[in-house]
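Shared between the two complexes below is chain A, which has chain B as its partner in the first and chain C in the second.
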Partner chain A sequence: MIWTPLTAVMVILGVFGLALMIYTVPKAYNISKKISKASLEERYGLEKQYYLLSTVVWVVLITRIVASILFWVTNESLIPLIPGAMCQFGVNQAGAPYSWIDNGVKLIVLLVYGIWLSLDFINRRVKGAPLMQSLSRLFLLLAPLLVLDLALDLGFYFTVSAVTVPCCRVVFTAESPIPCPYCFVFHDAPMFIVVISCYGLAISLVVWSFVIRHFIKRVPEIEGVGMEAIRRLVTLALGFAVMGTVALIPAIMQVMRPAVPVH
Partner chain B sequence: MKGRYIMVGVFVVVALLLIGTSGYYYYTYYGIPRCEACGMIITPEMDANIKLIDVDTNQRVWTCCPGCMLRSVAAHPNVHIEALDSWYGTSAPKIVIDIRNRTVVSVTPDTARIILGSKISGGCASNRIAINETSVALLLQYGWNRDNPLAVFKNEVPQGAPVLTVAEALPGLIEIGIQYVPPSTTFLGSIVVIGVAVLIIGILAWKKLGAPLPKPAQVPPAPTKPGKEV
Partner chain C sequence: MRISATKAVIILLVAAILVTGAVYLYVRTQQSSIALEQNVEVLGVEVNKRTAELVSVTLRNNGPALILEGASLYKIQSGITLVSSKFSPPIILYTGNVTKVPISYQLDKEGADYFLYLFTNKGTAIRCGISYP
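Right after this comes the complex of A and B.
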């Protein structure tokens, strides 16, 4: 393991998330199992339990989303500490195989966790918490991804060490149809960070809106709050899509004329 | 009204964060010298170890290792190089290499050798330059000298790494040359297509998803006969 402030933060977030997961999963299971047969009094008790669970899940999911952003920052900071690495490709090679799977997982966490967060946001604003059972079940469905996300972070940062790695140009030669994605995004044309993030956010917001709409059809009580949320989400999605497209022009210009270091 | 302000605030904060991050990386790329041949960030140790001057322009060219030093000759055919021995560092005289029209003119001392570990590992971190046979033997055995504060790569040299004279190593490395080539137009075109698709999805979602849900058709009440009302 390479101990730096950022890798330490990633490990702490991983352990913290894992501990909260152990607390929340049995509670979510308990609620999803008992709610359909609960009497009015039991339902009140479960509702109270659910609000506590929901708060903890918010903390877990928000920390995972923060960790998914920190993941890229941490990997970028490790480049000078790994001999031969000139971009994150080298860092990932040093932490293989966890690193490669972790890269894929980190690309979808916002999209997937955001579904739960947006639905719970609506649920909290409607009387009687009508989505309580669905959200408890949805959290149980998310649990494997969450465990994978946490385990991969811990596995990766405990595995990565200062071993000699070949640089990305060994794989992505001049003849490759695509350039090294890490060099391309972080070094050659950093404006693509804006493009990719904006498009990712736009797609995520649209998907969340679709899911909310699906739940509105199933649970009409949430229609008022849900439709208001959808209108806001799709407006934000359009804003990010436009911003991504605007950023695409300077991003492509950066690639066509790569930056020459000023000495 | 408050919700709208929050939404605008979220958008502005995320936009500023993204543009700030992108700007930071752009500044980093411009601000720190990089190896012209492979793109690696030049550390102070690399900067001190190899000084390569393009004699046509009298400009310095930054390179990370002895391999990239000779690869740069593909773009700079006339160069003057002063390099520190990878084992002894400043404790030994500098190795001076002159290349004209991509041909080695002189190497001082002529006992200097290039250890081309990248042939085995594929990475610049395995390359070394040695002033004599003793240095070659030490580098092959230990990889780097812990007492040399200017040691660039603190790792072992892979077994079987070829030991070559500068003249022997030069042609193959010139052939590899500078690796940066802009991505193909097909690749960039596909990104634009994805961009347009996302924009269309955004517009469609804004128009369709924001619209109220269709209400289920209401069944009209059955007509009642006059006089039968209670």
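Right after this comes the complex of A and C.
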């Protein structure tokens, strides 16, 4: 393991998330199992349990979303510490195989965790918490991804060491039809980070709005709050998409430098 | 016709993907269409390893005299021309002579592979492959 402030933060977030997972999963299972047969009094007790669970899950999911952003920053900071690494490709080589799978997982965490967070946001605003059972079940469905996310982070940062690695130059040569995505985005055309982030957020917001729409059909009690949330999410998504499009102009300028000197 | 916000997001996303792809293809095509000079031999490339700066390129011209008008540095891994500049005054490569061409381009400290193009008055370019470190 290479200990730096950022890798230490990633490990702490991983251990913290794992500990909270161990606390939340049995509680979510308990609620999802008992809620359908619960009496009014039991339901009140489960509702109180659910609010505690929901708060903890918010903490877990928000820390995982923060960790997914920090993941790229941490990997970038490790480049000078790994001999042979010229970009994040080399860092991933040093932490293989966990790193490669972790890269894929990190790309979808915001989208997937956000579904739960947006539904819970609506649930908290509707009297009687009508989505309590669905959200407990959904959290249990998310649990494998969450465990994978946490385990991969811990596996990766405990595996990565200062070994000499072959970097992207062995894969991306002059004949390659596509560039090294890490060199391209993180080093030579960094405006694409803004473009990708904005479009990623826009897509996530649209997907969350679709999921809310689906739940409105199943649970009509959330219609009022749900429709308002959809309206806001879609407006925000459009805002991010426009921001991404605006950022695309300077991003393209970074790529379009003339091959033949003009000045 | 009224377009919903969701559709607008999807349209913007698809347009962005198409535009980026088209620009990248254009840049690659522009790059691969550079005619290479056959009569000039690259004898050496000098790099300051401490500062990761390209210092000079030594060339021997085996053909008729040429004028070097400018240079550009293309990073192979990202497929992007990082920097380009014109020589002022232009550099003359005389027949049979060895010429050291001073060039001051910053390379990535972490390392990468590059093509340095030196453009001639004939519309051709001398290409030097640089692997740093």
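Quick note on the criterion: the second predicted complex is superposed on the first by the 257 of 263 C-alpha atoms of A that agree within 3 Å, B and C clash if a C-alpha of one lies under 4 Å from a C-alpha of the other, contacts with A are read in each partner's own complex, and residues count from 1 in each chain.
What we mean here is this: a residue touches a chain if its C-beta (ideal position, glycine included) is under 8 Å from a C-beta of that chain, and two chains touch if they have at least 3 such contacts.
Bear in mind that the values here come from a model prediction, so they are computed numbers and not experimental data.
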Mind checking chain B and chain C on superposed chain A, clash or fit?
-> clash
Would you sort A:221 into first (chain B), second (chain C), both or neither based on which partner it touches?
-> neither
Taking the superposition as given, does A:242 touch the first partner, chain B, the second, chain C, both, or neither?
-> both
Which of chain B and chain C A:193 touches, first, second, both or neither = first
Look at A:170 in the shared chain and tell me whether it touches chain B only, chain C only, both, or neither; answer first, second, both or neither.
-> first
Greater residue coverage of chain A in the superposed arrangement, chain B or chain C | B
Using the touch definition from the top, say if A:47 reaches chain B (first), chain C (second), both or neither.
-> neither
6-14, 60-68 or 114-122: stretch of chain B that collides with chain C | 60-68
Where chain A meets both chain C and chain B, residue numbers | 79-80, 86-87, 167, 169, 173-174, 178-179, 183-184, 187-188, 195, 199, 202-203, 206, 209, 234-235, 237-238, 241-242, 244-245, 248, 252, 254-256, 258-259, 261-263
Residues of chain B touching chain A in their complex?
-> 3, 7, 10-11, 14-15, 18-19, 21-26, 29-35, 38-41, 43, 60, 62, 118, 121-126, 153-156, 158, 179-184, 186-188, 191-192, 194-196, 198-199, 201-203, 205-206, 209-210, 212-213
Using the touch rule from the top, collect the residues of chain A that touch chain B in their complex.
-> 79-80, 83-84, 86-87, 90, 162-167, 169-170, 173-174, 177-179, 183-184, 186-188, 190-195, 197-199, 201-203, 206, 209-210, 213, 216-217, 223, 227-228, 230-232, 234-245, 247-248, 252, 254-256, 258-259, 261-263
Residue numbers on chain A that touch chain C, as the complex places them = 79-80, 85-87, 167-169, 172-174, 178-180, 183-184, 187-189, 195, 199, 202-203, 206, 209, 234-235, 237-238, 241-242, 244-245, 248, 251-252, 254-263
Residue numbers on chain C that touch chain A, as the complex places them | 4-6, 8-10, 12-13, 15-16, 19-20, 23-24, 26-27, 30-31, 34, 69-72, 74-86, 108-113, 115, 117, 119, 131
